[in-house]
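Down below are the structures I want you to see.
The following pair of complexes shares a single chain, subunit A, combined with subunit B in the former and subunit C in the latter.
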Partner chain A sequence: MRWGELIRRLVLVPPTLFGVAVIVFVLLRIVPGDPIAMMIPPGASEADIGRLRALYGLDQPILQQFATWLGQVASGDFGRSISVRQNVLELLLARLPATIELALVATIIAVLLGVVAALVGILLRGRRAEWVVDGGIGVLLAIPDFLWALILLLLFGVLIPLLPISGRVDPEIDLNLHSNFFLIESILTGHFDIAFALLHHMILPALALALPFAALVARLLKASLAESEDQDYAQVARARGYSRPSILLHEVFPNALIPTVALGGVQVTLLLGGTVLVERIFSYEGIGNMAIDAVINRDFPLIQGLVLAFAVMFIALNLLVDLVVTMLDPRLRHG
Partner chain B sequence: MTATLTIEGLKVAIGAANVLRGVSLEVQPGEVRGLVGESGAGKSMLGRAVLGLLPANASVTAGRIAFEGRDLLAMQEAERRNLLGRRIALIPQDPMTSLNPVKRIGGQIGNLLRHHLGLSKRAALMRATDLLNEVAIREPKRVLSLYPHEISGGMRQRVLIAMAFACDPALVIADEPTTALDVTVQRQVLQLVERLRLRHGSAVLFVTHDLGVVAKICRSMTVLHAGRVLEEGETANVLVRPRHAYTRALLAATPRADRPAEALRPVPPDLTDQLWSEAHRLDQVPAAGAA
Partner chain C sequence: MADIAIAALAAPPSRLLAGLRRSGPRLWIGAVLVALLMLAAIFAPVFAPHDPLEQDLMSAQLPPAWMTGGDHTYLLGTDSLGRCVLSRLIYSARTAVMVALIAATLAALIGVALGLFAGSFGGWVDQSISRLIDVWMAFPPVLLSIVLAAVIGAGLTSVIAAIVVVDWTRFARVIRAETMVQLTRDYAAAAQVIGLSRARLLRLEILPNLVPLLVTLLAVEMGIAILVEVILSFVGISVAGDTPTWGSMIAEGRQIVYQAPWIMALPIVCIITSVIGLNLFGDGLRLALDPVQRS
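Up next is the complex of A and B:
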């Protein structure tokens, strides 16, 4: 991706977000159920309900509501959550780092596991043991992340209670950190005890998110490795007397990485989507967990903010993937 | 004097199909031997067998391959790898796909020199510059810093030729090194191979289906068909007095400067059909004997 392309992509970001906002805004108001219905006590009078609706501006036509909201968003005000009664932006900024850190740890685990599995699999290529690797990858791929979450919860939380199964960190730990990126900040500032406590809590949800993604990485990478190994340059490398492991690592792997990152990188969005259920299962205080509450309570402003937050992450991720692919593939750099 | 390459009764099968049916062939030190035959004759398989690059589903079922008297098939893997790229080198057919697309030319040549000659990074770089000079690449320093897609096909083939001769090999296997190139570049590449093999004193097994090329650069030649050697000998003798009907047909199908193009006759399909069924009949003989 060259500069022109990058700028073109950046220019497209605002219209994309606008489109997402329109769709969410309209959908929320078309489907039955609204926040007022969720908050009124039984036996409230029609007049009370009307007054509440007016208070939140829900009595206005949709177009009018949208214009008002858009104006606020443009000035950095995402409104107030109806169910939590807090500023939406503040809520997001408090919870988003937890989700980003969880997704990051999960991605790192997945990439490590996936790369090792793919390399082992390709080394065993053509032998019977290759089936074991392929089979294992298939099993991991067939079980979705929320099921892994339940399995891990039962295994290591209940049956053999080795690891904490709820929350981001023990309440009694004094964090005393400046940002909400607890893990990253504690590592950067050398508070490894805190980092360890955080990871302790993160490991099960991260693993649940990581396992299917690791399988995906392994399958993509192994297929790309196999394809690259059959290319002429790999054959010619064999004719130069390099050993097979050396060829796989130095000649084949850098080539196989390109399609793997291009196809697999975008799939991190799936992992991000997976945080919704997995965070819920482990009572992890990220935006995924918060999204479920927001939907249950029909908390329109919060849902709108959350969807935009996810959209921004997805767009950023896609850009990042394209940048990395460009770095890996010289043919894209020079066109 | 020991031959550089000795192949005796080599049989290679892919699955149930025989690809080489008892091929024998010798390449003497410094000799250029042409290996000719139609597509599917088994020329590439022969080269790959020598380099130990047979496809996974192929196997050597009989015969011997010796390099400077040492049995390549019986050799330890590490010992064989030590010969490959250093004493036995390959000039591949397709320069467009034979260089690693994500590595710089300099890195690819440098790796080879460091691997086989144990040169330091700096010494390898200097030697790589010399090598590119040797194959008449201008601005070698700049080319070393480029990726394969940034240079032409002819340049890439020069780079591959430079790499083949980089460690002064005793034997170079050139598998149709010019077929992927256009005609003017073909001639330059042929001259280059000729010059380098003289300078480095290498023997060459030159795979081609072009008798014109054989006549130009090969001292001896072997005619392969359906995995069998039909005829072999000094190029001059074979081309002037071909003994096998197939060689005569090949000659009649080859364009020559002293002959009008109308005189060209393709190899008659009857003849190739007959040769193929002969080969298949030969396959049955041992089975029939065993039964």
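Up next is the complex of A and C:
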């Protein structure tokens, strides 16, 4: 990925977003089901229904609805949620930090676990114990995050009740924070007791999200470590008498990192998508949990806002990964 | 050229055997697990000791028979309405297998058609199909299937439709790339030299070479379809309320997880066994069938 290519990708972002917007809008309009029917009390008159329809712009022709909606979205107005009756953007901004923090903690856990597993695996290379590491990685990879969520909930929430299984923080804790980035803000301002309470709640859902991703990181990194170790420069270093762990850490690891970030980085989007169910399972108050409620209530404005929010995060992540790869790889840096 | 073709035709049986040996225990473990799942699904009325919907409120939330307080007529215990957990698990397998078979096949049909098309025509056809796949994959798949199932409405058909609409890209992407690779091979060039039309080339030469890949993709996709069905029924937007599904059992179990953890644990065990079985089976088949992996 050269800089020019990166710019080309950046230019492609608006059309992709537009495509996403069109698909979401069309999808939600062509299917049967009336959101107004869900919000009217029984016995509402035709005139009342008509007024509600006009209030949410559902009486306009579909193209005009789309144009209006797109214009509003472009100016930061995502409309009003039908089920919660609040501004969609405000709802998103209130809940989004919870999801971002969860995904961030999960990614950190996954990278740490994955790197350690890969290094252990490569040190055991060729021995029988390598099979144990590979097998473990295979099992972690085969079971998706939401099943890990259920398994962890049963194991460490119920059978051995070590950790809480619902919510973002205990209700009796007085947070008194300014932003909705509870964890980041409490760490930055030195409120470590609050940060600890938040992490206490976050650890099970984050671990559930992290396990399959850690396995993926481990598999990718181990494969490219093995490949790099067989290259001439590593052999030469070995011949000159450097120890194997030292070569692995100082020579091989930096080179093996590039393909791992390139291939694995994109998969962070999967982790982000996984938050939807994991948040649901742990009653965690992020946008994933909200998305399921929005769908069940056929809350069109909220669904559209949420899907767009997810799409923006996906695209941003992809670009970020490309950027990191470009900066890591000396050949591409000067390309 | 003809010699090569004849040799290739003659080789399969012995090569297949070698492949089966090479794929090792993976294929066999997978095959046994998949067979168990299929048997449970097909013969659900035979295996299930009770009607999965029959309520017995006098014996609600019984633990499995081997635990204290268990009842031997309810081998795996009962749920909060006194329904037999074992019977519900078996009937849920039926729903899961049905969804998996139909959804994976349909997704494969669409994905293979578009993938072949994009991979063999190239140019603007390839460009537009690839772009479509890109935009499609910009959605979180889980969220997209939840949205789809919710807007189409509850029911088996909508679950299947949601899976097909989301997952055809998995087939399309891989088949497109593999078609391109196969078209650069000598045999494809040879077929074009002897004047095979593009349609016949694709049907007679390329498609048979895609079969190993396709079988693996199908097995993996069935596993994914089972998981999506579980997700949708867990969220509560899958089949009608009285059809037993693993996902709805998990959702019910989550409510009383402190009182009766086995209600949530047992369907999870079933799901994991099925998905791992399908993955092993697919992996094993690929090793057994794919000439490149084999050598």
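Assorted remarks:
Heads up, the rule we're going with is that the second predicted complex is superposed on the first by the 310 of 335 C-alpha atoms of A that agree within 3 Å, B and C clash if a C-alpha of one lies under 4 Å from a C-alpha of the other, contacts with A are read in each partner's own complex, and residues count from 1 in each chain.
Throughout what follows, a contact is a pair of C-beta atoms (placed from the backbone, for glycine too) under 8 Å apart; a residue touches a chain by one contact, two chains touch by 3 or more.
Just so you know, these numbers come straight off a predicted model, no measurement behind them.
With subunit A as the common reference, subunit B sits beside subunit C without any clash. Of the two partner chains placed by the overlay, only subunit C lies in contact with A:Thr269; subunit B stays clear of it.
Contacts of A:Leu147 after superposition: subunit C is touched, whereas subunit B is not reached. In the superposition on chain A, A:Asp329 makes contact with subunit B only, while subunit C stays out of contact range.
Contact with neither subunit B nor subunit C is seen for A:His201 once the two complexes are overlaid on the shared chain. Comparing subunit B with subunit C, more residues of subunit A are touched by C. In the superposition on chain A, A:Arg168 contacts neither subunit B nor subunit C. In the superposed model, A:Arg95 makes contact with neither subunit B nor subunit C.
In the superposition on chain A, A:Arg219 makes contact with neither subunit B nor subunit C. Of the two partner chains, subunit B is the only one that A:Ile258 touches; subunit C does not reach it.
The least CA distance from subunit B to subunit C in the superposed model is 18 Å.
Counting contacts by the rule stated earlier, no residue of subunit A appears in both its interface with subunit B and its interface with subunit C. For subunit C in complex with subunit A, the touching residues are 134-135, 138-144, 146-148, 150-153, 227, 231, 234-237, 250, 254, 257-258, 261, 264-265, 268, 271-272, 275-276, 279. Within the complex formed with subunit A, the subunit B residues making contact are 51-53, 56, 80-86, 89-90, 92, 94, 97-103, 111-112, 115-116, 147, 149-150, 160, 163. The touching residues of subunit A, when paired with subunit B in their complex, are 126, 231-233, 235-243, 250-251, 254-255, 258, 328-331, 334. Of all the residues in subunit A, the ones that touch subunit C in their complex are 16, 19-20, 23, 27-28, 31-33, 139, 142-144, 146-147, 150-151, 153-154, 157-159, 165, 269, 272-274, 276-277, 280-281, 288, 291-292, 295-296, 298, 303, 306-307, 310-311, 314-315.
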